[in-house]
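Each of the two complexes below includes chain A, the first together with chain B, the second together with chain C.
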Partner chain A sequence: MFLAYNPSVPSVFSGTASTIALIVLLLEFGMLRQALLRGQVRLYAGQSLAVSALAAVVAFGHNVPELYALAVLSLLLKVIAVPLLVVGLLREAPDEIAGSGAVSVANAVLISIAVAAFGFFAVGVLGISSDVLPTVALSLAMAVVLVAFILMILRRDVVSQAIGFFSLENGASLASLVVAAGMPLILEVAFLFDLLVAVVVFGLLARTHHRRAQSLSTETLDRLRG
Partner chain B sequence: MPVLMVLLVLLPLVTMLVCARAPHRVAAAVTVLTGVTAFVLAVVLVPAGVDHTITAVRYLRADALSLIFLLGTCLLYAVVAIYAVGYMADEERAVRSDTAERQEIFARYSRRFYLGLNAFAWSMICAPLVNDLALLWIAVEITTVVSALLVALDNTEGATEAAWKYVLIASSGLGIALLATIFMYHAGSQVLGQSYSLALDPLIHSSAQFPHTPVRLAFVLAVVGFGTKVGLFPVHTWLPDAHAEAPTPVSALLSGSLLAVSFYAILRYYQISVGALGPRFPQTILLIFGVLSLLLAALYLLEQRDIKRLLAYSSVEHMGILAIGVSFGAPIALSGVLLHVLAHAAAKANAFMGAGVLVRKFGTKELGRMAAGIGLLPWSGPLFLTAVLALSAMPPFGLFRSEFQIVSGGFADARNAAAAALVCLVTLAFLGLTLVTTRILFRPRVEMSDVAAPMPTRGEPSRWMVTPVVVGLLVLLVLGLAPPSELVDLLSRGASELAAGAR
Partner chain C sequence: MTGLPLPLIQGLQVITVAAGAPGVSGFIAWVEARLRGRRGPRISQPYFDLAKLFRKESLAPPAASPLFRLAPVVSFACYLTVPMLIPVLTSYPLPLGYMGDILGGGLILAFASFLVAAAAAETGDAYAQLASSRAKTFAAITEPVMLLVFFTVALITTTDLPYVLGATVRSGPDQIVRPAHLLVSAALFMVILYETGRIPVETHTGTTEFGMIESGRPFEYSGPDLALLHWGSAAKQLVLYVIFLNVFVAPWGLASSRSAIAVALAIPAILVKAVLLGCAIAVLDNSYAKLRLFKITEFVSAALLLAVLAVFTLYLGGG
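This part shows the complex of A and B:
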């Protein structure tokens, strides 16, 4: 019997793209354990940088000038403006957000691995392919979205929950680069500004919560029931 | 006609600018004026919308379906603006003789309130008018963030908690809806080319050729995502908190209008999915979510201690009815659903506004501490009773007609089990609602948990808080007894637009 293993060698382009997508997912995992407010924001900035870089890579690889504009805009807004806004709005708050996990970090990572694997393979089965990026990037985007949910569920502090939502949006941006790269620039810009509005509101509400409860923890937010 | 649409979108923006600067009374007056004007504009648009789709400046589009949701939103914008005059005047009176500091706090509260109220109404007017699935998503996300700030406005512990839960859960839901938008774009790009805008007409017309898997994925993601804002089980958890803790005028808008606008987004995905997949798959999904929401809400209605939470669960119930109605798919059920949107908006706003008066009167939201309301409130008491009866789909109100249509559509289409379940669960919800209302309004004071509490004086807090409820009651009666022929045309046209792909 002859077993042929036929390794398909990825091109430099798809290799780079998949690596960047993987970095986005790894940074999402990093958020599960980050103990400092500013560190959490920095992880988000790094993740956004990776997504912006991927947009630039796609723009270069497929020669789509519009995506360069998107990459620059997303860099300006998500890597610079959003982190500055969040840190600025929460400047009275202490930097410490350690120990807000509902379960230990190790368990959180194990759960996330399981969930991420589920997302990764579930999307793979669907057979949605694109000409722009390797399908594995879409699977990774789904994994990012699901881990973002785990982050929001398991971390009980307002910063991690807010960053969880923002990084969920990063996952969606990643997915849109794979399956909807041709989306008109004007819509992408509208999405970005919408995110900015959301960031301001999240920041304001987080600040209100901090002023009222004197802590960033959400453990006291359990009075409304039934 | 296109000019009117642009005007509708711009008007609340101008009002926002005015409210940012103007003193309390001016802001209140301008908001009332804008609300009423917006409603008039929406009504004027109706005859044109029956004939054809109106488009303006490329990004605005109104067909029968969007006009129905626009009508509901603008009606509530008007009545809530009037109600807010009385709501705020009460608070102003309380601080008038107080220190300058307290007055300053009130001025800031009022400015934020009117700014937020107009921004909220603006985003809900935009959502049904935009001609693009991506812009629709953006409009719905803006409704979320603006209304979250409004929920937090009272700055109590409960309000802060409710606002945080609301913004986090609803935004995460919309994150899922964003994925739905992206996958729908992907499905469309197989037919319409790599780069196109998500305008509705081309998507609906060419939906028959869309690949099935991405459309299925997009539809389910849209139902879960936008369903978070609609309040479908199991992603409804933010809803009772936000409705209970928001200022009453905002609760009325949230419940009557915001949920419906998010349901509108689901209907757009339904239109495309039915075109691509046929009716079976989308209808099954909606049926499951609808029945579960209705069941949960009916059970929660039986055991409530807070008057505003009670009404919030009643909203979940009615959204479940809408989802079930769409899942029946028969034209009569669909036009019933669209009528239900309008009638529910009027009835739920009435109920919340009545509840607001009761809360003012008794100084509490707890049902156990309210009694003999009918004697204390000569107008609001009976009006609250009619609102609850209307919500329970009693004749002669609009909801009776709409639910009757939905149920008959279900039986006509041989969905007997679902239609029977609908009737049973609605009856259960009726039991819960009326039981509580009877207790608040007719129970003698001696049976109350704390009889020693000081007896509130007889009389209405403000005439401004009664007038809009009377208007709402008239609307409900008109919808139930003799809906104007143009409206009936609009509803059946909207229903045929929805059913178009199913044939």
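This part shows the complex of A and C:
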């Protein structure tokens, strides 16, 4: 008979927090293969929900009441308002965005794994430690940002590129939860409304693009017109 | 301390898997039929099928070598060797449990699958050969996922013994919510879905030759040989379920002593757990459309992603 061996096990709190941060990253990877416009928006809503949940978990675990306010606000804005706005602006567009990747999905995932690994270990060696969240969450936030870049580079449709940009902000707010959980609420709120402006601008651009080109693909944009 | 002798419990593990496997397959087939609104076969149907096949005659293609007749027997023996290495009924290790670790069990399963594929390849039947070449091609791309799963288990427990991981998971909730454990369980689940012919391309009981991978290989077999192959694949499915349940996800309900009652209760416990997992898999299987054959890389790359992230989070100290 032997006992379970565990050199260093994260506590239940930090395990849960890292798992939620991981879900944010996994949903980012899901965006690489999503074939439907509404599915892509739904993935973004799910990712924002995970970020809000993480804010609530940190608020609960460390008694930071203002993070509850942030969680509720980001829930209202990023999980409900932004997806409704994007879907509303692109109501006339077809739902199909499959096959817009420059490389196949499996290759895109492999490239993203490599880039995410770079982000992981680049942040890991910095040795930034936080008193509210495990350090691995910061590495995950970095990976989310880098995979969002890959998403915007590899997928050639306006919806994925816009959603990639919005999810970049999700990665940034994940990072801000780790390094500066007590960041003044007013600053966070300013970021959120900044995002809302970006959503309106991107939504209108995508809508205009669809009206002109009759497609969501950006491949028609590299042609010169007289 | 009075109790059953250890070799008897060890033998019971093998008998549980061998006798329970057709029943679990039958139950899953019944659930699948109910999901599609059919009445479905009896749960005991696989036993009747096996009994029928064992009464018939075995035929071999004229050009086939002795390997053709040997493969069903040896692969069946392989599938029944693995239950000696993994915790089927007891939470404490049995004497032969140290004979091999998870990697050893994986090797034995791979060897059995190789034998069936090699025997199918020499029949000369186009479909059997197609199936065996497909099975080996896709086995090669799922193998990295399995290796990363083993690495993660080794990093968590510093050993690859399935009993230790089971005990580690039982030791507290902090071991369950840690991301490495969740990721690696999800990756293993995806590999099991693939290995048991559920998702993404194969139909489990299909009759279209073009969608066949694992189920296309026994095309040339008949009689007792075919029965052994069917029985073997049911046993393989149950072995994989047992590894997933008793080592990774739900290592509860095992006998912790040698008393006859505890061991006797552990037998229905594992069968019920396997049947519940089978129901979940049947629901999953029936709620997704099958993918095209070459989309299998997308499925495997998702499993690989989970396994790689498990190793990464462990190295960064947060897993």
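Rule of thumb we're sticking to: the second predicted complex is superposed on the first by the 216 of 226 C-alpha atoms of A that agree within 3 Å, B and C clash if a C-alpha of one lies under 4 Å from a C-alpha of the other, contacts with A are read in each partner's own complex, and residues count from 1 in each chain.
Just so we're on the same page, a residue touches a chain if its C-beta (ideal position, glycine included) is under 8 Å from a C-beta of that chain, and two chains touch if they have at least 3 such contacts.
All values derive from a computational prediction rather than experimental measurement.
Novice: Should chain B and chain C be called a clash or a fit once both complexes are overlaid on chain A?
Specialist: Taken together on chain A, chain C would fit alongside chain B, as the superposition shows.
Novice: In the overlay, answer first, second, both or neither for which of chain B and chain C A:109 touches.
Specialist: In the superposition, A:109 contacts chain C only.
Novice: Of the two partner chains, chain B (first) and chain C (second), which one does A:172 touch, if any: first, second, both, or neither?
Specialist: Once the two structures are laid over each other on A, A:172 reaches chain B alone.
Novice: Determine, under the contact definition given at the top, whether A:183 touches first (chain B), second (chain C), both, or neither.
Specialist: It touches chain B, and chain C stays clear.
Novice: Which holds for A:191: it touches chain B only (first), chain C only (second), both, or neither?
Specialist: A:191 contacts chain B only, not chain C.
Novice: Minimum C-alpha distance between chain B and chain C after superposition, to be given in whole Å.
Specialist: For chain B and chain C in the superposition, the minimum C-alpha gap reads 18 Å.
Novice: So chain A touches chain B in one structure and chain C in the other; where do those two contact lists coincide?
Specialist: none
Novice: Using the touch rule from the top, collect the residues of chain A that touch chain C in their complex.
Specialist: Interface residues on the chain A side: 1-12, 14-16, 18-19, 22, 25-26, 29, 33, 104-106, 109-110, 113, 116-117, 120-121, 124, 134-137, 139.
Novice: Which stretch or stretches of chain B touch chain A in the complex?
Specialist: That would be residues 132, 134-135, 138, 141-142, 144-146, 148-149, 152, 155, 157-158, 160-165, 167-168, 171-172, 175, 178-179, 182-183, 185-186, 189, 193-198, 213-214, 217, 240-241, 244-245, 300, 303-306, 309 of chain B.
Novice: What part of chain C is in contact with chain A in the complex they form?
Specialist: Chain C residues touching chain A: 92, 156-159, 164, 167-168, 170-175, 177-179, 182-183, 297-298, 300-302, 304-306, 308-309, 312-313, 315-319.
Novice: Which of the residues in chain A end up touching chain B in this complex?
Specialist: Going by the criterion above, the answer is residues 126-128, 130, 145, 148-149, 152, 158, 161-162, 165, 168-169, 172, 175-176, 179-184, 187, 190-191, 194, 197-198, 201-202, 204-206, 208-209, 212-213, 218, 221, 223-224, 226.
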